[in-house]
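Shared between the two complexes below is chain A, which pairs with chain B and chain C, respectively.
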Partner chain A sequence: MKKCLFVMFLTVILGSLIGMSSLAAEQGPVKIGVLLPLTGTQAVMAEDLQEGFLIAQEQINAAGGVLGRRLELIIEDTETRPTAGMDAARKLVELDRVPVITGGFSSGVMLPIAVYCQERGILVVSQPPTSPLFRDVGDYIFLVNVLDNYKGKVIGEFAFKDSGLKRFALMFMNNAFGQALKQETIKNLDALGAEVVTVVDYELNKVDYKAELTRLFAKDPEAVIATFYANEGFIAAKQAYEMGLLNVDEVPWYCPEMASSFAKALEEIPEVVEGIKGLNPLAPESLFMKAFREKKGRDPITAYSAMNYDALIMIAMAINFANSADSTAIRDALPKISQWYRGQSTGGDKRFDEDGMQGFGQYSKVILINGEVVPYPE
Partner chain B sequence: MDIAQILANALVRAAELGLLAVGLTMVFDILKFTNFAHADYAILGAFLVYTFNCGAGLNLFLSVFLAAVAAGLIAVAIDKAIFKGFRKKGTKSVTAMITSLGIAIALRNIVRMIWTSESRTYAIPIQRPLRILGARITPVQIGILITSLVAMIGFHLLLQRTKFGKALRAISDNRVLASACAIDSEKMIQWMWFLATAFGVVGGTMIAMEHLLYPRLGFDILIPIFCAAILGGIGNPYGAMLGALVLALAENVILALDFGHILSFGGLFELGSIQIKTGYKPAISFVILVIVLLLRPTGILGRK
Partner chain C sequence: MTTINFLIYLLTMIGIYGFLSLSLNFQVGFTGLINFGQVAFFAIGAYTSSLLVCKAGAPVILGFLGGMLLSGLFGYLISIPTKSLKSDYWAIATLAGGEVIRLIALNEGWLTEGAFGVMRIPQPFRALFSMDTYPLFYLILVLVCLAIAYIILSLLSNSPFGRDLKAIRDEEELSLSLGKNTRKLKIEAMIVAGMVAGLGGALFAHYITYISPENFRPIETFLMWAMIIVGGRGNHLGAIVGAVTIQLFNVSTRFIGAYLPFTPGFMAALRMVIIGMLIVAFLVFRPDGLVKERKKIYRFKNDDGEVD
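Coming up: the complex of A and B.
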């Protein structure tokens, strides 16, 4: 009898504790998981990427939060590496129990996380990843940046028409982002009648790219199309210059991702990357730029900062629209929100297609001059 | 194929890796465990060079000297605090190896805490390359080659021509017997830590000068250093130098080779171009390593 009473007593205590904790969860802040490359090869942009989220968070909370509760960001570091990124995602999902993960920065890091979240019904709203492979992951995955199909087409056309040359050498990183972008670029160059004479894949986080650069120029290409992350872009540009291979007057270089490729090189060796042409997401709209300048006293070094802002604002709107912080409810509301939300990044049109991918963003043609990324005159 | 350029690139790479591989192999030779923290000691030193050079405005050579001494003393202090106890208790070498992995992670995070994770460069302006024997090479790279050569010769003389070197070799052969011959093995081990780390700091600084300096750099260069040390014969400093050279040549030459041209005897018949994909570059050194170890399990210059 005593044992039975003890079990009943324990059940009542546990029951009230669970009840209290769920009540607290409903009254407490709505938590959103944020993945950022705070360290690693893309850390140079981390501050500005984070600021995009923080500006959105401040504006959301100043306007009353979501569901009448405060919006809280739990920020984790991906170290710009898939394994560290996955550890961070697991922590967000299993310990912090967030309904949504946003950010992520690179396709190579985010792709396994997207699969993991899809299996668990956790919503992912990622940016800037652009690999077309995300399209097949599932219905919990949304991208706020345009896919590589678009970038591959635009960079191919830009390089072909601008240079008037036909023999191209390509250099892309050996991860989901680089390989998808490479395939699209080759496809579009072929369609234009250009010849791809050399394709160089390279590993990230290495300190020596001389062998890859030697191969890149082995068949005397007339122009180069290459993309990097910040550290690799610095090392490759420096080594190419020292080997006498980076002279855009002789062999022009085109880059489909200027912001992430040469952020470090622009800081340290602007004269080396002078004259490289490429693509950047369209500059953020004035509302975001004003808020960013007020906080930081300068312009953001990357347009992806505004993309993060857009992602969080859309998530918050979807939570309020769904009247729920449940992953599935937010997922169902997100496409509806995107139909009429006017964003601050890549031209403002943030509509998702039927697979949750971004179909309408715009990239602008730019050139590196005097250490600045400036619009390239058509 | 620009042979002169490929050789120049390989020599510079070997010069950078060689000094680090020598330090790694020294620790193994004397203490019989693989020190996973070796590259992180080197990068800690490279960050100290950055602070002395870019923060305090000291001359680069003086900065390297001060950083090498400081990092060497840190390595000695860690040995006294941790590994000396292991030696007294006769702890298994696998425990020391795992401990060194822990030290590596701790050092990496201490560096990140002090200097943040931002990547940095030394106060050396970008340089136009000089044309030497058909290869383009920058003054910094020439400096790296000379520094490495001088350090290697100095190390050889130290090992072969001094009492210190003889004592070190005696400890390497048989520590108990060396102690019986009145050699203070603990003191010698501390000197070995100091030297191995100082060499590592010079190597780490040269890599950072050529590329970029960031806290995870030690981890990124650890595999090629290991590969060079094992390839040459772990425990043999000359083997480590040779291993670094073989590794650097393998990375640079094999990627540049057109096997289609070779197999068709210089284009006697149509075979097209056959080249190893650059994405497989990290695997090249390991394939070479496996082949060498199959033919000679102790490495190129390893003891039988």
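Coming up: the complex of A and C.
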């Protein structure tokens, strides 16, 4: 009986594997593969990341779809785990036969997938993974977020010139994104003649950052540059405030990724994060923000949802421009599309450079006042 | 064609997890050593092999051997505290051991590339095959290695050494009273298990060609435990059946979702719930797993010729 069950289980799986792949039809909807961290350590942001794609999909299909066909998203969970992410990507490419994969969140999950897709000639238009390693993967890989060398330069200059101070303490998360950003920030602060007195790398998903905050302030810095995700930003801001370390009149705080870092803190403890300055990839008054607020009744907790929106719109435009849903044709059309497209994130300029990275996008300078992200007057 | 590619990928990953569940089963099912840091062997095997090949320029075969050796060495180191720690406290120590290895990989950037990970790990004999045939070659490589590991572990567990290990698992005081050096036996078991899992790690790294500390979170250990709980402890076939079942289950949920009226987010969360429930169900209703351990019963005749 039990053996029987096991064999049935196997048959169902194999059957569905074969069934899925024979469904590929020319006249059906155009399928796009979407990877999202629906479970696992980054799942907090998954809903908003997904919403970026869904809003774009609704608008595309309302406007007639692509190639006269409907645009369909096949959403797969990466579990924020590289091996599960690879399962998902292989399923999308080998069974659903999608020409394009978009989404993704951490570099650790997306890099092996990018290498695999490059080898198979599948287009990847990904957002947050900003690890510098993506530049060398190949010509099928495009990113819609600006790389850390840009952000590192701008936040360094902004913090240095705006504060007029010399001694900086840095706090970045210990993943590919945080570390690349940290290296670039240090490099640019050094070039400006500022002194980096402390560098704190913190682990994500902790419930207590008191030890890290104590170390951050151990050498009496004059200013702080720190970046977070929504949960970590909330905990760190709250604890720093309780410890008397978050007082921007004494020691100003600068943040290279404002919307993502303090989205939760802005909701829960707006008075604590009042006066923190930084960079934001997302214009608060953009069309995407309006659409998001209309649908969800709140602001997104991560600016990356707007980048997902941009990614899907550009993919759809490239498919129509190429008049084909073939990976290589879409890849060739994508840089041209990016010349014309006015995006909703990183200042709207989504042009790719020769490596498929964002060469020209900008983050705007913002400050947190009364629980709102408002433009910071230069 | 692409469907076959997916099946080859699936089988290769099952094979790689097969090493890890075989190894964990050898510790838990045969020796009674509760290891919650199994992922450490996986990480050491993967990192040692890829760093030897990428940074020191060693041939891949040396990388594999290096991965096995260093992983075995870690097995030796982690089993030293078994002398002074009771098994449940030792289990907690192994959990910490697994995290320590991951944190070393994350923070010693000069050696391991830190959070960026090691990229472009070379694949053995890659030049001899085309893009379409290479995965099949690698699958065969994994399965051959797995078969060798399986046979060696079977021979070991049927030898006097294996019986000593089972004696430790069932009644450590008894084997002590028989004059067995249980500490030495445990260390030897951990070294063997470490080498098997280390080879799995090395095969994984050269298959995916990119590794980062993200690959070696404690959740991986949880999956390996799920494999031996579902498959059955104390026999090698059970470990393999467990690896097959859990991997297939993980992937199959991605297909079932297409036929159910749930959002992808809900399906993803549901999958986690089902895996948890599956483990609980097995522990309650079928604690021996899918494949039950066959225990040999020894009967002796006493002086009067009666069977005891």
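FYI, the second predicted complex is superposed on the first by the 280 of 378 C-alpha atoms of A that agree within 3 Å, B and C clash if a C-alpha of one lies under 4 Å from a C-alpha of the other, contacts with A are read in each partner's own complex, and residues count from 1 in each chain.
Everything that follows uses one rule, which is that a contact is a pair of C-beta atoms (placed from the backbone, for glycine too) under 8 Å apart; a residue touches a chain by one contact, two chains touch by 3 or more.
Remember, predicted model here, so these are calculated numbers, not experimental data.
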| item | value |
| --- | --- |
| Chain B versus chain C as contact partner of A:L133, first or second or both or neither | second |
| Partner chain(s) touched by A:M110 [first = chain B, second = chain C, both, neither] | neither |
| Which superposed partner A:D87 touches (first chain B, second chain C, both, neither) | second |
| Chain A residues touched - chain C or chain B, whichever exceeds | C |
| Partner chain(s) touched by A:Q50 [first = chain B, second = chain C, both, neither] | second |
| Which superposed partner A:L38 touches (first chain B, second chain C, both, neither) | both |
| First, second, both or neither for A:V207, with chain B first and chain C second | first |
| Which of chain B and chain C A:I75 touches, first, second, both or neither | second |
| Chain B versus chain C as contact partner of A:A180, first or second or both or neither | second |
| Chain B/chain C common contact set on chain A | 38-40, 79, 174, 201 |
| Interfacial residue positions of chain C with respect to chain A in the complex | 2-3, 5-7, 9, 13, 106-107, 109, 114-117, 119-120, 131, 208-210, 212-215, 217, 219-220, 245, 248, 250-252, 254-256, 258, 264-265, 267-269, 271-272, 290 |
| In the complex, chain A residues that touch chain B | 38-41, 43-44, 79, 174, 200-203, 205-208, 210-212, 214-215, 218, 230-231, 234-235, 238, 241-244, 264, 268-269, 271-272 |
| Chain B residues within the chain A interface of the complex | 1-2, 5-6, 9, 13, 112, 117-119, 121, 126-127, 129, 136, 138, 141, 207, 210-212, 214-217, 220-221, 251-252, 255-256, 275, 277-279, 281-282 |
| For the chain A and chain C complex, residues of the former touching the latter | 2, 6, 9-10, 12-13, 16-18, 20-21, 36, 38-40, 46-47, 50, 75-77, 79-84, 86-88, 90-91, 93-95, 97, 106-109, 111-112, 115, 119-120, 131-133, 174-176, 178-180, 201 |
